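Letters A, B and C mark the chains in the order given here, with residues in each chain numbered from 1 onward.
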Amino acid sequence: MSESIISFEKVSKWYGDFHVLRDVDLSVAKGERIVICGPSGSGKSTLIRCINALEEYQEGRLIVDGILLTDDVKAIEAVRKDVGMVFQQFNLFPHLTVLENLTLAPMWVGRVPKKEAEERAMAQLTRVRIAEQAGKYPLQLSGGQQQRVAIARSLCMTPKIMLFDEPTSALDPEMIKEVLDVMIELAGMGITMLCVTHEMGFARSVADRVIFMDQGQIVEQNTPAEFFAHPKSERTRDFLSKILSH
Amino acid sequence: MHSKKRDWSWRSRATRGLIYQAVAVAAICAAVWFLAHNTLENMRVRGIQSGFGFFLQPAGFDIGESAFAFDSADPYWKAFLVGLSNTLRAAVVGIVLTTILGTLIGIGRLSRNFLVRSLCTGYVELFRNIPVLLQLLMWYFVLNEWLPPVSEALHPLPGIFLSKSGMSFPVPEWEQGHLVTLSGLALGIAAAWLYRRRARAGFERTGVARPMVWPALAIATAGALLGWLAGGAPTALEFPIRNDLNVSGGGAVTPEFLAVTIGLTVYTASFVAEIVRSGIQSVPWGQTEAAGALGLSRGHALKLVLLPQALRVIIPPLTNQYLNLTKNSSLAVAVGYPDLVSISNTTLNQTGRAVECIAVIMAVYLTLSLVTAGLMNWYNARSAIRER
Amino acid sequence: MDTALHAPVIARPPPDRTAGPLAWLRANLFADWKNTLATLVVVAIIARLLPDIVDWALVRAVARPDNAACRALEHTGACWGVIAEKYRLILFGRYPYDEQWRPLLATLLMVAMLVASCTRVLWSRWLVVAWIAVLAVFFALMRGGVAGLAAVETARWGGVPLTMLLSTLSIAAAFPIAILVALGRRSHLPAIRTLCIVYVELIRGVPLISVLFMASFMFPLFMPPGITVDVLVRVLVGITLFAAAYLAEVVRGGLQAIPKGQHEAAAAMGLSYWQTQRKIILPQALRMVVPSIMNSFISTFKDTSLVTIVSLYDLTGSLALALGGDADWRQFYLEGYLFIAAIYWTFCFAMSRYSQWVERHLNIGHSRR
């Protein structure tokens, strides 16, 4: 069994008085692809946002790529160099062109010369099949195109871990497929992936493990085949019946 | 090959449009003619002459505060020029101070510290809701009443005297050496700019970031320093000296100027603070998160992602406030500061030439407004975030 | 891989670090060294200044209208007695002493109408009728000459009633002008559009004081020889024209936010231009910009203070009237200024709070996301 690249040890987090993550234990192996699902408010987004320190936790230990995550600035910077994130709202920088969006972090964080950064960027844009839009501005593109640019932007930093926070939830239905196709291709490349999503088809075809969260806890986790065929918990069955009914 | 047949009937929209316009223009023309006719009649009855020739006549009044020499024998147009220079002086100083103060308070409103946040909010809510004229009058009263008379002037810092007669401060005595200093500064700025270009090109070529701000400042300062040394290191400052009765020498500003500048700064800063705050808050939180997720440091995130977006939202209303400050400086007439409106008022009372004087004020302010609006439009067009 | 079912973890309260008063103090006042420093500095400043201010304003202050006692203070304490002595002059200007119940009543009526206009429940056609009635009563009360009331000429009106009258009447009159100008600016007819643009840019480009000067000095020239115009009317016209230009821009903003589809639907139904504007476009546009209209009103309210410069004794001018000529009380101007500043502040703050409430609760002015 490959060593774990992410390790949650009894991690607890509160928003004010609300106990949003409750003593979560989770171990993610290198190269593993995980899909996290659950009802809204279950803490699944919070969980993956803890991994790149966009959220702080109060109790427990979280170790990412061998680095213990606390509020130590150096630790956070080191972790963020190796972890990429794709957001539900894309969060592209509207005042920069697509190409500039992609070369920003390599140049300013990765100390890559401009020419090389642009070559890398064009390579990633080609991979997500959007190279011809390199000179456009984000708001000139459709939602699906913007999200693919966002994925390419994260990949430019050659991360070891990719986090996806409901990447297709803000897209019109006809654009979901183009983004999922890119994610499936990514999954075949050996990067560790954690994906919060409702797209169960994606989970079935790509995931090594499906995790169901409810009320801040991991209720159940299993291989996709087992998870969908034989859900063990009542809550899991309930949730699956709701989202798989159509 | 058909051209559109124009239907000139009563009911065609084109005809109606033309008729409405013709009626409107005719009505306006009639109104203007009516007013002009009355005005000329009234002026004839009252024996007031018209025409701008009177601007060449001697003014017959002194001006309390002026950037250049003026006495009562100088013509009216020179008096107006003094007024304009006074307006611009107060406006420029006010704009600089209000930008600094307003930005600090706007950022303070977003502070994590409860006390700082509350104080800044309190400041904004207090000064926004009191009329600016009242604030000017209060500052004038405070400066007049509570500052000591000249013979006992306050001496808070070396070379600065504060009293009922205003504020005196040291000014450098103009010498040849200063010219060399300024040219040194200009060369320094040029060299700094060149340095930045080279550093940027180097950064793009190799990926190693060179510091760009401090070295540039250092180079510019070095240029100024070298120029100063080359010019013979002129250090003569004319210090105001206090003797028994008076403070003489140095540069001086009147309490009226202080009242106008401080009052306008404090009032406008409350609006600037709100503009800065809402500009910063207008950048979606997701931008900060995305920048962080990419590994950008806080400083870089601020410089590359947040400030460019925030400034686009801040600058248009900020320029509007600058214009408001300039227009509000016209209230100086209430505290006796001889700005453009004040001088125009004096002239108007003296000569009875209401139309000409008011026309001049309006023309000057209109020009300032239109120039600013033009610059703003150019900036907006250039920096607009491109959308579909 | 652990596929066993987990025992549910019951929610716990957070550790003291994240909630509770201690946590609040840490987060808000002592988060890091910079914050702690700021807290200490601010507390030091307040500790230094507050006792002195309280001392001056409350402890040593004299509230009785006792001139000798006030002078004896020699500015170590506030002389609120000047307010007690002069408040009627400050609040009502030169209005005859015995008749001052009339401006008081008139002002209260006006304020009541303003508050009533703010309660959404009462928005209807009857409100407009009520406004017209109240304005008529206001004038009757102030002017007199009817119902056995002694006549008081407008030159003697002053203080708070004058401020209220100027702001309310000028905004009320500016409204229809602003709507017409805003519509004109969006018109397809170039002559009308140009006229409206010229008007708005001209007025917005010059300070209010110059418009007031124009009204004050030039309007008498504009009238046919022999006809005099009341100074109040002149000033009112000036402020109205000024307010209308700014209000026109606010209305135009609202008009621009109405989607083209509304115009098209109305045209498809066969409505004429004016019907469309009256029934479809304007109701939506105006509702959208209520907060900005409130801001306009607040600005106009503050701007009425400028009429002192053209010698009308509104609330700001009446202070000069009350204290300027009185050698005994003149040195206590600061207390007078603070008094009228407090009155202005109360009105403006209340109006701005209301405007923020409207913006939040009626969901206008912001796109829905």
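Basically, a residue touches a chain if its C-beta (ideal position, glycine included) is under 8 Å from a C-beta of that chain, and two chains touch if they have at least 3 such contacts.
Keep in mind that what you see is a predicted model, and the values were worked out from it rather than measured.
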Next on the checklist: Testing understanding: with touching defined as stated, what is the shape of the graph linking the protein chains, line, ring, star, complete or other?
Outcome noted: complete
Checklist entry - Which two chains meet at the most C-beta pairs? => result B-C
Item to check | For chain A paired with chain B, centre-to-centre distance based on mean C-alpha positions, whole Å | outcome: 49
Item to check | Between chain C and chain A, distance of the C-alpha-averaged centres to the nearest whole Å | outcome: 51
Next on the checklist: Could you work out how far the Cα centre of chain B sits from that of chain C, in whole Å?
Outcome noted: 25
Next on the checklist: Please output the residues of chain B touching chain C within their complex, sorted ascending.
Outcome noted: 17, 20-21, 24-25, 28, 35, 38-39, 41-43, 45, 111-116, 119, 125-126, 128-134, 137-138, 141-142, 145, 327-328, 330-331, 333-334, 341, 345, 348, 354-355, 358, 361-362, 365-366, 368-370, 373
Checklist entry - If you look only at chain B, which of its residues touch chain A in the complex? => result 203-209, 284, 286-287, 289-297, 300, 304-305, 308-309, 312, 385-388
Next on the checklist: Taking the touch rule as given, give the residues of chain C at its contact with chain A in the complex, in rising order.
Outcome noted: 1-3, 5-6, 8-9, 11-15, 17-19
Checklist entry - Which positions of chain C touch chain B when the two form their complex? => result 27-29, 31, 35, 38-39, 42-43, 188-192, 195, 201-202, 204-210, 213-214, 217-218, 220-225, 298, 302-303, 305-306, 308-309, 316, 331, 333-334, 337, 340-341, 344-345, 348-349, 352
Checklist outcome for this item: Per the touch rule, the chain A residues reaching chain B in their complex are 52-54, 77, 80-81, 83-85, 87, 89, 91-95, 104-105, 107-117, 137, 139-140, 153-154, 157
